[in-house]
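Heads up, there are several structures right after this.
Each of the two complexes below includes chain A, the first together with chain B, the second together with chain C.
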Partner chain A sequence: MSLDTAAKLEAGAEEALELPPRPRPSMLMIVIGLGALFFTVLSARRVEFSPGDLISNLTRSNPVFDGLLNMSWDEMFSSRSRKAFVETLQLAVLGTTAGVIVSLPLALWATEIGNPYVVPRLILRSINNVIRAIPDLLWAGLFVLGVGIGALSGLLALFFFSLAVMVKLTADTLDGIDMGPIEAANAAGATHTQMLRTAVVPQILSAFSSYALYDFELNLRASAVLGLVGAGGIGQRLDFFRNRGQWDKLWGLVLMFFLVVFVVERISVSIRRRLV
Partner chain B sequence: MNATVSTSGSVRLPSKGRDTFRLVLTTTFVVLFGWSAISVELKWSRLLEAPADMYRLAQVMFGNLAWDQFGNLVGLMWDSIAMAWMGTLIAAVFAIPLSFLAAENLVGRPIAWVVRQVFNVLRAVPEVILALLFIPVFGLSPMAGVLAIGVGSIGSLGKLFYEIIENIKTNPIEAADAVGASAVQRLRWGVIPQVAPELTSFLLYRFEINIRASSVLGIVGAGGIGGALADAIRFKEFGQAGLALIVVIVGTIAVDAVSGSIRRRIVAGPKQADSVEPDEEPLPPTSTGAPALASGPRG
Partner chain C sequence: MIRFDKASVTYPGGVSAMRNLDLEISDGEFVVIVGLSGAGKSTLVRAINGLVPLTDGGLQVNDHDVPNLDRKGLRALRSEVGMIFQGFNLVDRTTVLNNVLMGRLHQVPTWRTLVARYPQADIDIAARALERVEILDRAYTRATNLSGGQRQRVGIARALAQEPKIILADEPVASLDPPTSHVVMKYLQQISRELGITTIVNLHFLDLATAYADRIIGLRDGELVFDGPGSAADETTFRDIYGRSLTADDTMAKQAAL
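And now, the complex of A and B:
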């Protein structure tokens, strides 16, 4: 009986089973997809992309990959490289600190909570977008041109670069904070500064510290290439070995740089995890 | 009355907790900062002259822009954008499959760990250094830049991707298992529909970052507008440098705006979908905040 019913049901289901229609991709997705495809074809033609050339270039023997195979380890311990490394670290620390300190008031001024006036807010955000659109190395090039070759140009470049990143991230965080404490502070008759100090800053402080550490990681990577345009740090050594075609030594530096970044990042990530 | 007086007299604010972790952190930082500020070799007095110097530079750069170079520069910016896009796509081709192998909920812990270390290695090296290394292989062509961006983005894209994948809901996967799906079908119907919007969104986000990277790669000779800018600076053609800078800024902001609006649209999904799922829980901070943070606006 029960078996019979089950069989019957199954048979019936087989006949009457009608699958729901498959969801169709929306018009927008089609447009975006086609747009992306078109853009890809255009880009590929523009950069003369061809997989054949790619493979033949990569498989041909060349000085760079040979250099990787007999990497020169002693460059990691030479005193000049060590000095350049220390300068890179110092620039990253100083540039990040300066950027982080200046970014907090600017981020407050760029949000509705800290600045009730629309026009200055928009101006500030636009300026920040412009600053953010200029890459770190370009900042360095501009400062080298204006201020001169040396570590100061690198420091200023890192300052502007981290300022823009920090203001953007912090302002976005400020837009999403809890309004309760702010209302409480206002109800208790706090001045604007007191309100910001007691109701806003404590809410974002852990995120802000986390962004600052993240910014330091970015700056450390950026400061390694500043020297390519003459703005101090390890990049000058990289450029030196590159111009002389000493790829084995360059790889040694890259490896050392990688180790430094790796260690700093591990530390920074573990601190960030505790902060958030 | 009496009671009020006595309470107000004996009221005591709770003492602030002492946070050793924070104390150690602050001290370390202050020492590090002090050491850097004192021992770095730069003339701090020059800092005061810097604003005037930069103002003079801005005057000569934007005073007489070389408009005859405008078409050429826009073409070069388009080169940079194309390089960034192709690089992002190459990165995605490698990062998407790898990120499935780095998600602990899809593969075992050991495999995930190994793949993650690969991502970490690739993430550590800046694109410009990669470009330096690729130029002797590919010559002074955009392909060196494309590969530098591609290889440099695999690590950060992969990291973002596996964090998204690790945050998926298990119900669709269970449903796929229940109807007897194969491993591929399970991935296709249980995992991919859940992660596709965010994956696309982060891909576009990475594209925005890569534009900033590709517009400077030319400085080391890997094609794009950076080369024109570097040459203009080297030969002191300030008008051309100023115009190139403006083209970079406007181009970057324009691409940001387009890509940003597509991103928001993709993540928001079709309008009706919002109202059907009112009880959808907000994503944990690790899936929205942290990945964006992890890659970050790098340029």
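And now, the complex of A and C:
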């Protein structure tokens, strides 16, 4: 290396380096950004949203918020509320268990690994897409109309809701498993069912258990709302106080429910962390 | 006995991995198949247990007419043929014993598999297989917690648990270091000799092939280009099989020295 180039290199180290020209933001991103802004403003105008109204309405003395400040503690522990809480938990446990058990074979049959036949697989996937498109509250409403007011409707709603969640998550997990053990099981002369049980299920079991717990959390929260359409559980009790305008008791129940969900969720999250 | 009769395999897409193969392997032989990757070694081995179907010609394995087997017949054939894989193909998240019990599936009723209650007799067979590759003490260890060599020994135990007449090994040492490779090859050789199991091993290291094979079969572009005893294969033979001069990559000892 000549002295000259060495000197140049030295100088170059201190000079600001010239970057290539900065790429322009893509046209598509600009259009999407402007579109999002436009629809937000349009929607706000349509629903006549105004921050002023929001504040004045919320700060005006109203019975609902008065109830929040004078929460009734005795309703939290009344025997009727306790019964409703127990029913909510039972709904969540039963709905989750039933949904989880049925979801495993359905998830297997909805994937190429478990079901080599294209047409039945597509049918199963489409049915599951339809089930998933219906929100839990709508399921509950449908079953209340179909089988009547009460916990059975709630149970059925949670069952279908669980199926939708579990089949989707499990099928996605199945798509990413190691195919090696499957080949080994086939080479050992296993039947299709044996292969699924020994080579596939052990691979997804911890993820599946984790999804089941997550599904239980979802169902517990959903079961509170289900009562609003008459599908049993604590929601029916909440609805009762709402209709009578007994806001202090309503808020007491809401707080209690919050505590139950919080505790269950903490436990579930810590178990799930250990599973994965 | 294994007999290929003008057998061919053409994959969808037109790749010809076996061309007009005539080959007979007698009971109890220890055969090593050599060839470059893509020469059709895996195809040959997987044709024997029906994992890859022939597109033309015939194949007789013991008393099974492989191209004409239905599903049940295929399972019966596969129950007699153990297989060992390059990537071990173990279920990582379960125990060594459960992995080896996979070799017993052809004997175990499906309902027992579903509830994971294996008959004691099958557990005993699995334990004996683990004992033979000297890894019985790890029976309740999860497969993830084993080293590569240990995992391949579990792979061998799984094949042995089938009480097979034939063992197929597809590049069984390609993921292992040289000393471990020799351990695995010695187990395979010993098992073949002591139990009289026909063993067919795919290898791409020539020194390993000559060290262990009773018989070497050379493949090139899906065609048989060499068939003879291990002692008859020298550097010229391998140059023919590989279609090029040999490099350090082709022998494990030289590659390890690099």
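The rule is simple: the second predicted complex is superposed on the first by the 252 of 276 C-alpha atoms of A that agree within 3 Å, B and C clash if a C-alpha of one lies under 4 Å from a C-alpha of the other, contacts with A are read in each partner's own complex, and residues count from 1 in each chain.
The working rule: a residue touches a chain if its C-beta (ideal position, glycine included) is under 8 Å from a C-beta of that chain, and two chains touch if they have at least 3 such contacts.
Here the structure is a predicted model, which means the values were calculated and not measured.
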(request) Quick one: classify A:206 as touching chain B (first), chain C (second), both or neither. (result) second
In this superposition, the partner of chain A with more touched residues, chain B or chain C, is B
>> Contacts for A:246 in the overlay, against chain B (first) and chain C (second): which applies, first, second, both or neither?
In response: neither
Checklist entry - Touching A:138, do we find chain B (first), chain C (second), both, or neither? => result first
Inquiry  = For A:184, using the defined touch cut-off, is the partner it touches chain B, chain C, both, or neither? Pick first, second, both or neither.
reply    = second
Review point. After superposition on the shared chain, which partner residues are touched by A:168: those of chain B (first), chain C (second), both, or neither?
Key: first
Query raised in the report: After superposition on the shared chain, which partner residues are touched by A:198: those of chain B (first), chain C (second), both, or neither?
Result: second
Where does A:94 make contact in the superposed view: on chain B (first), on chain C (second), on both, or on neither? first
The residues of chain A that touch chain B in their complex are 26, 28, 32, 39-40, 42-44, 46-49, 53-54, 57-58, 60, 62-65, 86-87, 89-91, 93-94, 97, 129-130, 132-138, 141-143, 145-148, 150-152, 155-156, 164-165, 168-169, 207, 210-211, 214, 218, 221-222, 224-225, 228-229, 232, 238, 242, 247, 250, 254, 257-258, 261-262, 265, 271, 274, 276
Within their complex, chain C touches chain A through residues 49, 51, 74-79, 81-83, 85, 87-94, 98, 101-103, 105-106, 108, 110, 113-114, 116, 158, 162
Residue set of chain A touching chain C in the complex reads 178, 180-181, 183-191, 193-195, 197-199, 202-203, 205-206
Residue set of chain B touching chain A in the complex reads 21, 25, 32-33, 35-37, 39-43, 46-47, 49-50, 53-54, 56-57, 78-79, 81-83, 85-86, 89, 120-121, 124-126, 128-129, 132-134, 136-138, 141-143, 145-147, 212-213, 215-216, 219-220, 223, 226, 229-230, 233, 241, 245, 248-249, 252-253, 256, 262, 265-266, 270, 285, 289, 293-294, 296-299
